[in-house]
Amino acid sequence: MGGDAVVVIGGPCSVESEAQILSAARIVKAAGGNALRGGAFKPRSSPYSFQGMGRKGLELLALARKETGLPIVTEAMDSEGAQMVAEVADCIQIGARNMQNYSLLKTVGRMKKPVLLKRGMAATINELLLSAEYILAEGNDKVILCERGVRSFDPAARNMFDLTAIPIVHRLSHLPIIADPSHGTGLRDKVIPMARAAVAAGADGVLIEVHPEPDRALSDGAQSLYPEQFTQLVGELRAVAAAIGRSIPPAKTGTA
Amino acid sequence: MGGDAVVVIGGPCSVESEAQILSAARIVKAAGGNALRGGAFKPRSSPYSFQGMGRKGLELLALARKETGLPIVTEAMDSEGAQMVAEVADCIQIGARNMQNYSLLKTVGRMKKPVLLKRGMAATINELLLSAEYILAEGNDKVILCERGVRSFDPAARNMFDLTAIPIVHRLSHLPIIADPSHGTGLRDKVIPMARAAVAAGADGVLIEVHPEPDRALSDGAQSLYPEQFTQLVGELRAVAAAIGRSIPPAKTGTA
Amino acid sequence: MGGDAVVVIGGPCSVESEAQILSAARIVKAAGGNALRGGAFKPRSSPYSFQGMGRKGLELLALARKETGLPIVTEAMDSEGAQMVAEVADCIQIGARNMQNYSLLKTVGRMKKPVLLKRGMAATINELLLSAEYILAEGNDKVILCERGVRSFDPAARNMFDLTAIPIVHRLSHLPIIADPSHGTGLRDKVIPMARAAVAAGADGVLIEVHPEPDRALSDGAQSLYPEQFTQLVGELRAVAAAIGRSIPPAKTGTA
Amino acid sequence: MGGDAVVVIGGPCSVESEAQILSAARIVKAAGGNALRGGAFKPRSSPYSFQGMGRKGLELLALARKETGLPIVTEAMDSEGAQMVAEVADCIQIGARNMQNYSLLKTVGRMKKPVLLKRGMAATINELLLSAEYILAEGNDKVILCERGVRSFDPAARNMFDLTAIPIVHRLSHLPIIADPSHGTGLRDKVIPMARAAVAAGADGVLIEVHPEPDRALSDGAQSLYPEQFTQLVGELRAVAAAIGRSIPPAKTGTA
């Protein structure tokens, strides 16, 4: 990441099956996406919700990379899981709920893999930067920040998507920052315009939930794009990026 | 307003003098802006802050229109002031603090002039639409909504600029909605990227504070663009609008 | 108000009929309340909701005072209405939506009647004090502030009841501050414990919605106490007030 | 905990030295407090702030218990630390930042010690209860919830202290809930009135920061009570508790 590139990371909320994640990976690849996301370990508000496939999910992500060549971004929820994730993933995601889980931040700070650090649900931008500092201070300087919406009083959207965080971070830090309009809005039909807005605001990338069959998703179906919407989105983002002198890198060819 | 047009409304927070408002109007006109904003009646949190020039300010706005041909947008704070504003302005602004001042909404609902209704500081989008309904129910259907940022926990910006309001309003209502990144961020160097983001999100226009000499402004200087920044902004907005199949209307020529 | 007194103001959200407001007034009087509240002019988010009885409602409030001797607190929504309210009411209420309606604040600032100024839905305590300053600066020093809950992200209650505002105001200002747990919580069964909490925090009074038949109320029924709950509440507040060296003044006897 | 008892837990933010924690324990004991709090592992927004004494801090807490007989409440930040904490503490605290650290919740859910679970900085009450469910579902039913203030737009206090959470939790759950006015307000002189308010609202206990020398505290000095304030507070809480038919349990005599 860096420079004029605007990377597109797509994929389902959760890895659900071999067929599902391979299908998702092909959709992302065909549309011109740059990396595949998908959760194997899922932090859920309720202990009775689907908690992810765990280690098996990681194996399926590795398979999807083998087939498509797309680098893998997936979440770690604790130090033990981070070791497993680091063996497979190209980038370790720290979710919003764990932005101030300092033990976990230190653990991934001692790893060599890039870390995607999501802003907490009511974290100030300053606190996001201080959490990044926990990772940097351990020696890992490959930190990518992510705006994913914060808590607000308005039930019209799942979160309030704070795109001003992008130019604020760019002013205060050298770290790249991407945006996640899927969680930022929680509403499928708002993802496309808000992804465009993120790129126009200067985001260094976007993180988009897309699922082969959103209506059957085990989590976050209501905010996941249909495959054809994802393809349309990448086209629109190319146009907006070009308008401000940036570009989405060409999809890598071949396998990993 | 309407269709594919993205209108650019520019001008100072307050009318301060003949020289200032004429200079501002020329800057807006030269840059390709479509209308002039400027407050004659200023709602201020403290009774000891500058409260605006009042009727004299309205006269100066009329003068600026006569010279440049730019239509005038200016705020009314009460029913009496609304009568005065309606005599001069092409569009009557209702500020965030008065979004639920129902007596004022009914008053402007009985007028023939378009009304620019700003979202309250902690109003839900549903409440914004219900406040518009107070104007529509009186017979005035020329209502333009405006997202201008809402209260949040993060002091990094003056407000939290909720651009998702734009596609949400477009889904729920036929009313146009513009965005005010000057109040939405409160930070001059964040206005340009966030105005671009507003257009990319689908805004039907932007409301931008620009001042001939921001450092001498009697109000909102810290979020007012320098003239050359405004010119640059209009150029960038043209490019982003074009990327999504929209355009900024050409500046009208001649005088009113 | 002032000194060690903790005043109890009770009554329905809206004046609905002669029978309803007289019944409510008798309930408040019998329970030991000190004043009667009831809205004749109602600010409602939707223009299609019940908007209050207007002038007729004021006449019914005057009748209730004549019978019970209870002073009247009722809301004014605009300058014209304020004149009508001032002729009848013993205390003019400015609602949360109008906390920054500066024209209205100046109007009541030129009147002789006490003003009950409610905190706006997302107003800081500093802004509440600055709005009071608009009234004080016009010469009316009988301003009573009111905490009534602010907007929050949690749908568990209608608003977030910010009782810390009470000791903060007491530190920054000489003005009395009361609390409105009916709007502060929006939940009938939470009103009693939170009214107790308000008194324990040092509130100079409480504003409580009570209705002869809450299930038939035209507005705010879900947060209105049943008559017997109001009676119980006053008893509990006497005990809490006594525990911190304060007291609810005895109900006045006789008629106005 | 439970029944009519209102427990008072006092102590410094951090364990800083043997002299400091022993002094604090004696202050709490002498004033009639029921348990001693003090952090050995400190979650801090910045990696460059004081991070706590770690295992040595736990040893000093054990020493303070030996001398005063007060049970110990102290925080665990990760699974490894939880093992250490569980060896010493009588109650394991999970801080606001870790309310949704599900791995940690499951770890303490498999322990036998009571868990004090603090509400996250922008957690809904429903999410707090769901996080408790993670602990309960592992077999540990000794969960105590804690309201400690949430994020808000008003800088007048460190957090917005949401005391309505107390009756809401009591309605939805059988779990006890205590309140932390030290973090809830962040302002020393607001702690006493808001602790009274918490008890009046029905809290099953209060968590109070008190330090032998607040002006020398390594963390949270500005919200820590002076010893004489803590003594005064316990007296005031006894009076408020009595007013609502509850009581602070007598301090245990003898050593552990």
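In this document, chain identifiers A, B, C and D correspond to the written order of the chains, with residue numbering beginning at 1 in each.
Rule of thumb we're sticking to: a residue touches a chain if its C-beta (ideal position, glycine included) is under 8 Å from a C-beta of that chain, and two chains touch if they have at least 3 such contacts.
None of the values given here were measured: they were computed from a predicted structure.
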item	value
Taking each chain's C-alpha mean as its centre, the one farthest from chain D	B
Cα-centroid distance, chain A relative to chain C, in whole angstrom	49
Chain centre separation (chain C, chain D; CA means) in Å	35
Chain B residues counted as touching two or more neighbouring chains	122, 150-153, 155
Overall pattern in which the protein chains touch one another (line/ring/star/complete/other)	complete
Chain B contact footprint on chain A (complex, rising order)	122, 124-126, 150, 152-157, 160-168, 171, 184-185, 187, 189-190, 193-194, 196-202, 236, 239-240, 242-244
Interface residues, chain D side, partner chain A - complex	43-48, 77-81, 97-98, 100-104, 120-122, 127, 130-131, 133-134, 137, 150-151
Contact footprint of chain C on chain A as seen in their complex	122, 151-153, 155
